[in-house]
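Shared chain: chain A. Partners: chain B in the first complex, chain C in the second.
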Partner chain A sequence: MSEEGHHPAPVSPIERRVAALEALLTERGLVPDGFIDEITRRYESEIGPMNGAKVVARAWADPAYRERLLTAGTAAIAELGFGGAEGEHMVVVENTPAIHNVIVCTLCSCYPWPVLGLPPAWYKDPPYRARMVREPRTVLAEMGCELPGDSEIRVWDSSAEVRYLVLPERPSGTDGLTERELAGLVTRDSMIGVARL
Partner chain B sequence: MSAPLSLSELDLPRRNGELVFDAPWQSTVFALAAAVVDHAFAGNREPFRRHLIAAIAAEPERPYWESWTAALEATVASLPERQTS
Partner chain C sequence: MDGIHDLGGMQGFGAVGHSPAESAFPHRWQAVSRALMIVVSGAVEASGGEFRHSIERMEPGHYLTSSYYEHWLTAAATLAVEHGLVTLADLEERAGGRFPLSGPVLAPAIVDAGPDVGEPRFGIGDRVQVREWHPPGHTRCPQYVRGKAGLVVRVDGIHSVPDVEAHSTTRRYEATYSVRFDATDLWRDGQRGVAVHVDLWDSYLE
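The block that comes next holds the complex of A and B.
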């Protein structure tokens, strides 16, 4: 929250700036009626980690798809109907018992939106961006993701050129599950690489 | 740079579907950037992204959506003046 004085203004300075932008852009005809609500609704409901979860579940259930996903991520993800802005250059990295992958964007907040939705608040925080590169094992442990001491951690720096998605390990004891049920097990954090399943 | 916050001090989301926006102005400024990218730059995100990187680099500790707002202001300032007939 912003600082509050003794006489808090009804609208904070940042809210006034955003309102001014909205008024200016609307006046210039760049914001069609209903556009803001529509964009917000799409990102909050339709686009999001459930898309990535379907990709992961398919890869677990179908070895041929898994191969395609790991060799040509963008095309394999497009097979399931996901793609578009911020999802054009996808590289999928696979966790194994010996290798744990985690994604970060050190420059700003590059993130595979079509498969993971909007980035969580902490993904955009400078401490996460800086520390995950310097001391990934410590940061992962702080986030509740303890890894075996001898495992290798690979940190992938997303950019406009390449967006990464982590393919988590399939949990044991899930042999009888359908693809739909498998998708229900996949969390956003596991696809960023800050959690294990 | 001041000592980095410990991530454990942050309110870390641990499940899918977490609320991404903490306030309506944040979703508004997100959508406004989408409007500018779509309708002023024909879908090209690069100009806005460059401003966002610069805004974050200028004040790394500034809250994210405030940097986003600054980047959008800079992007809008770079637009050609509207033609008046």
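The block that comes next holds the complex of A and C.
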């Protein structure tokens, strides 16, 4: 404990370990100036589910785009300017009244960064990864995603190079909305497949 | 390796701790961990396979009781020590305490990666059987599909085999497939109307 006063809360062990590695790598000239701030800025303001929402809204508004999105996902997503690491091989899977898709990565935390950003903590934690491939109907119900009892559930385990995006069903009563307004309806969870709109 | 990371189908974990939205880095150390992993991976030229395997080698208790970015920090430090960028003694001195690293690589280094499989052996609609095997190193073949039969629903092109790139500077390229398994074929208590799709490299299949 510091007795010099004005120090923030005691630094936790993990913060001390991070600071130790950061200091040693910085002393060796390996951490470029501003690199950590750049990482933070990119993932907090540029890359996130607002990108995927634009893709979904375009697919709802434009049948020809929807077709391209479902047959050649990476190229169709690139049309809107999104791509790059963890989005090089995109497959988009479409929900229908009878089929519900949901994505998971049981081995680590693979996730389509360019369209959804970084995965939420629960997506990376053991309960979701362990259970979604074994009892998806139960897990979805627990998460508040109600499905008709006879609907088919398709789980996609992102175990190789493909990253998945779920194309949710367009909500009814949205005929008059602009593409921008439609994008505002699309949630991160609906594009993972743990919620319906 | 049959490691703690291979979680698919394990029981007893309880409810998903869902949150509807969260910032990318609730704490600054998480962003720093992410950045340091990128720095270390670049400096030691780690492949995706080597990076993932450095997390998979974490002590199981530590893995389960630590968060995602603690995994990244542990893996970054492990690779930095293994490749001679820093020493464990330096890390522990700076941290003012213990600095747990991942365990050693259990698989031998791969010298000869073997021939590429440029042409897919299977096509959409083919029934395939996953090898029942337990490789000591990195693999992206989850345990829960080993020995199981499924249907090819997509052929995804030719990709570097992670089992090779994690343990070698050479590479082998193979076709990958998305294989659909009926949940009742995977689990004794599999839920009806559920299909689980797993993406698998050619050499994972019989």
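Everything below uses one rule, namely that the second predicted complex is superposed on the first by the 186 of 197 C-alpha atoms of A that agree within 3 Å, B and C clash if a C-alpha of one lies under 4 Å from a C-alpha of the other, contacts with A are read in each partner's own complex, and residues count from 1 in each chain.
Simple rule for what comes next: a residue touches a chain if its C-beta (ideal position, glycine included) is under 8 Å from a C-beta of that chain, and two chains touch if they have at least 3 such contacts.
Computed from a predicted structure; not experimentally measured.
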{"item": "Combined model on chain A: chain C and chain B, fit or clash", "value": "clash"}
{"item": "Partner chain in contact with A:A72 - chain B first, chain C second, else both or neither", "value": "neither"}
{"item": "First (chain B), second (chain C), both or neither touched by A:M50", "value": "first"}
{"item": "Touched partner set for A:L80, first chain B, second chain C, both or neither", "value": "neither"}
{"item": "Chain B versus chain C, judged by how many residues of chain A each one touches", "value": "C"}
{"item": "Chain B versus chain C as contact partner of A:L197, first or second or both or neither", "value": "neither"}
{"item": "Which superposed partner A:R188 touches (first chain B, second chain C, both, neither)", "value": "both"}
{"item": "Contacts of A:L24 with chain B and chain C, given as first, second, both or neither", "value": "both"}
{"item": "Touched partner set for A:Y128, first chain B, second chain C, both or neither", "value": "both"}
{"item": "Footprint overlap on chain A, where chain B in one structure and chain C in the other make contact", "value": "14-15, 17-19, 21-22, 24-25, 28, 30-31, 35-36, 39-40, 43-44, 48, 107-109, 117-118, 120-122, 124-128, 130-131, 139, 142-143, 160, 187-189"}
{"item": "Chain A residues within the chain B interface of the complex", "value": "14-15, 17-19, 21-22, 24-25, 28-32, 35-36, 39-40, 43-44, 48-50, 53, 85-86, 107-109, 117-122, 124-128, 130-131, 139, 142-144, 160, 187-189, 195"}
{"item": "Partner chain A, residues of chain C touching it in the complex", "value": "5-11, 13-25, 27-29, 31-36, 38-40, 43, 52, 55, 64, 66-68, 70, 73, 76-77, 80, 85-86, 90-92, 94-97, 99, 140-142, 144, 154, 156-157, 159, 176, 178, 183, 186-187, 189-191, 193-201"}
{"item": "Residues of chain A touching chain C in the complex", "value": "13-25, 28, 30-31, 35-36, 39-40, 43-44, 48, 89, 91, 106-109, 117-118, 120-122, 124-131, 133-139, 142-143, 150-162, 187-189, 194"}
{"item": "Complex contacts: residues of chain B adjacent to chain A", "value": "4-8, 10-18, 20-23, 25, 27-32, 34-36, 39-40, 43, 45-46, 49, 52-53, 56, 60-61, 64-66, 69, 72-73, 76, 79, 82"}
